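In what follows, chain A forms one complex with chain B and a second complex with chain C.
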Partner chain A sequence: MIDRSYKELLKLGRFPHTWCPGCGIGAVLKNVAMAMKELGWNNQNTSVVSGIGCSGRMAGYMNLDAVHTPHGRALTAAEAIKTVRPDLNVVVLSGDGDLGAIGGNHLLHTSRRNPDITVFCNDNEIYGLTGGQAGPTTPKGTKTVTSPRGEHYQPLRLNRILTTQAPYFYARTTVYHLNHFKTCIREALLWKGFSFVDIISDCIELNGRRLGFKTAHQMFKWFEERFHIAEGVRDHLKDDELGIAKKEVEAEVKVEVEVEQIPEVQIEGLKLFALEELKQFDGTEGRPIYIGYKGKVYDISASPLFQGEKRMRCHIAGKDLTRDIEIAPHGEELLFKFPVVGRLKE
Partner chain B sequence: MKQLLSGNEAIFQGAIRAGATYFAGYPITPSSEILQQAAALAEENPGFRFLQAEDEIAAAIGIISASLAGAKSFTATSGPGFSLMQEALGWGHAVEAPCVFVNSMRVGPSTGMPTQPAQSDLLQIKGGSAGDYYPIAFYPNSVEESFRLTVTAFNAAEESLSPVILLVDALLSHLYEMADLDAIEVAVVPRTKDPLGRSQRLFTGTAHDRMGNVKTNDPEAYRDWLNDLKERHLQAADKYPLYEYIPRKDSETLLIAFGITSRIISSLKERFSIFRPIRIFPVLEKELQEITRPYRHIIVVEGNDGQYASWTECAIHRKVMRVPCLGGGFKFQWIQSQIEERLKEGK
Partner chain C sequence: MKPRLNVIWNENYCKRCILCVEVCPESVLSLERDEIVEKPGCIRCYQCERYCPDVAIEVMDG
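Now for the complex of A and B:
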């Protein structure tokens, strides 16, 4: 018998829902609910967030605490909720226009910050709710109400955008390839970090009919022609492949930095300088230039910066420069190439 | 202990005193110091969460979502950033999320004169987002008061279940004054709204009834819902009828000023009565009507082209005279000469 217990996660009292017959969103909602039910996610540990559009209405049909954000802001909201409540599972149910166009900036930056949220993008390649305008994922050449002679521009390639930096989880599937679809949903929900499932879905009423399809089923057949399932886990997906591209955090390659050994200089036998004595060695009248640093006296006459000068820009010869060098932009290593000629009196 | 504090520091301290645990923001002068303090605190204290968002839109959406998730949250910005936050401000009212927006104002419109001070975002508190909403806004004029009012803003947010706005002058943000914040006793209203993950509620910006059912073509349900919101906001605002009134018996003229201008003209209290609204919105109608009644002349001195003056005119049904200090020019001598001129001309 088919397990229908996932229906606990749906607000059946609000049905019939708002979507057209043949729409793919119903399949998305149902399969997400089924996967959540299997994993034991319920209204005590899960929250859903959605944006605006046909797919934005999904959150309202879930029997969970749901947040329905302004257009494009679902990811930001989900991230903030996850930050404040790490104990909650946060799921975003939204569409391609919402996530890719108006929320594009948030998609870039939320995925970069990698919060532990799962995003289901109902990618129907059109703005459905507003009447079938070209969207960010509409393929080039597609006729829509805002591109009557065919869309001029290349579509946004979410697979490329979302797989630039590890860790990432990007899955592409369609509402037609049901078993693959279920696997992707489950894997995405279980992924620790930002996971994105790009669900190619159909909009028969406002996109399909204009393209010449008579029924939703014809659109599904078209998906079968356009896409094929790529076996195994990949790093990247080609534009016609369905599958999962994922990568864990790259182990940080440790670059071995050679630490320069600070030369140990025996200073016991060297001459003792009082600060008063040191003052004479400021380079005037042919005397060498000495400076004090951490109890040692260095002869820096050879320094091009002090050549024949009593002072360079910041440092004065014949003084204890320990404090100066602490706050200087360069380190102490500059001094170590000069000979030590004595030690400072305490 | 008395400390030398800037307005931005006092505001941040106030938010922490009020129990804020989430900050999201985007850098913008003159409010960036609040963002920096939040970042520093988040490094020290894992209980305090911080997000440097990609833009002000994300920052504002972030604090409202954090508020729904159960944290007292706030953000800080300036005029241009506040313009981007308008969408979220409307949403915050619709989903009833208590949070605080700090707006440290600079000259507008658009980028304006970065970063000369102005008081020109008054209309933006009320009129920037779509539809009708009734925000509460406060306006301090000293470092210590900005601390108190930040706590008040958080309290009003909890009581009205909505975003509350704290308007600050850019001058006050960067003004250092002595203040003893530890000695200030403030009452803090705790969070009463249930956080996410407890039931089956829907928080939506779409019009909905009390059960959270979306109602997109039911005027009756919409009216009920909006009136509920309005009533709750006005009730919460009524708890804070904050203003300062310095009467001068022999004066026929009342000066109205708020924020930094009220301090600049404070030496004129020897000659004129001065009224300073602290709750800047909803407008203090009753108080304004009562106080302005005996005066022949009313002059509103403000850092914009008559925004509060027109609200005052609506409230008291009388013409008022205006002294707009535009482009960051808050010079006492200039303001004084303008007041004299207005009084001579009688308009």
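Now for the complex of A and C:
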């Protein structure tokens, strides 16, 4: 028994959709709609944003507020919507070429700012819409239109990029591992913060046939050989693992600073200094260094920092330095180490 | 219109990717003359409906 109420979220009047037979984007669309329906997300509280590419059509087939953005700018538009309307659930439906290649910069910085949006990346490891060129996530050695002898370069490892800095949520799944796929979608939608689901999908017409697969199901079996499900929640995923890598922000450890008791000094009976008298004690000609602070006179001759030229950085010896504490990088506790030798005349 | 046994097939939505045919564990579905045809023996595992990317197949409930 399957709950078929998710069909309310799809524009069935526009079906059959535009993608090739066997394309994984249809499965992504359907399962995202199912998860949204289960969570009670509807056209009142949800908006979807999509980029450019085959997967950019996904937002158009959903019965929700949808934005079709310029190439690579799906995340920026989504973050803007979330900033203006924090009550909306914002979902980005896009592909690996849009998010990883031209929108790579936005992916880095949106994940850094950690807005509460969910990104579903339909990762078919190819530029599907333009005819099957090698994309950012094409595995090394794959034959494509632009790399007939096999792709030269290492693919962009989204799992490494997006799991460097906590908090993060990164899940990798395929359209074949359907239960795992649904779990990942659901957890990503529920995650507070930036969540990214990397859905390994099939592009049978433009990638699969060149690799020697005849039907979408043969590609699914290939996914099953290449990937295995990692049990439990990990901090990081290896390149051949499917699973969820998530980490909440570490709670900052508060170090309690013990406030030292200010030593009570008997200042009654000590010598009374006028400001003119104090000026003489500037360290020259063998005299000690005195400074005034809040009515007291301190002997700071022992300070290694007060040396030469009658001054230490910006403090001048033989003066009332009560006002200097406001601009000093240190507190007054530095001064309490030194002996009090007298009182300052008002 | 042929009588359907357990699987309702939407001819307009279907793109004949034959994913349903290949995921069926009992091999009761097949593509014959550009139509998905069902043989008797469906165990109602819903795999074809779950995997269909085009929302073109429904398995009749009980």
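Note that the second predicted complex is superposed on the first by the 289 of 346 C-alpha atoms of A that agree within 3 Å, B and C clash if a C-alpha of one lies under 4 Å from a C-alpha of the other, contacts with A are read in each partner's own complex, and residues count from 1 in each chain.
One rule holds for everything that comes next: a residue touches a chain if its C-beta (ideal position, glycine included) is under 8 Å from a C-beta of that chain, and two chains touch if they have at least 3 such contacts.
Remember, predicted model here, so these are calculated numbers, not experimental data.
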item: Fit or clash - chain C, chain B, common chain A; value: fit
item: Which superposed partner A:4 touches (first chain B, second chain C, both, neither); value: second
item: First, second, both or neither for A:85, with chain B first and chain C second; value: first
item: Chain A residues touched by each partner, larger count belonging to chain B or chain C; value: B
item: Partner chain in contact with A:193 - chain B first, chain C second, else both or neither; value: neither
item: Partner chain in contact with A:104 - chain B first, chain C second, else both or neither; value: neither
item: Angular separation of chain B and chain C about chain A, which is computed from CA centres of the superposed model and rounded to the nearest 10 °; value: 100
item: First (chain B), second (chain C), both or neither touched by A:288; value: neither
item: First (chain B), second (chain C), both or neither touched by A:167; value: neither
item: Closest Cα approach, chain C to chain B, once both complexes are overlaid on chain A (Å); value: 20
item: Of chain C, residues touching chain A in the complex; value: 12-19, 22-23, 46, 49-56, 58-59, 61-62
item: Chain B residues touching chain A - in the complex, by the definition given at the top; value: 21-22, 24, 49, 51, 53-55, 57-58, 61-66, 68-71, 87-88, 90-91, 95, 195-206, 213-214
item: Complex contact set, residues of chain A against chain B; value: 11, 14, 43-47, 49, 59-60, 63-70, 73, 76-81, 83-85, 87-88, 105-106, 108-109
item: Residues of chain A defined as touching chain C within the complex; value: 1-2, 4, 7, 10, 12, 15-17, 19-27, 29-30, 178, 204, 215-217
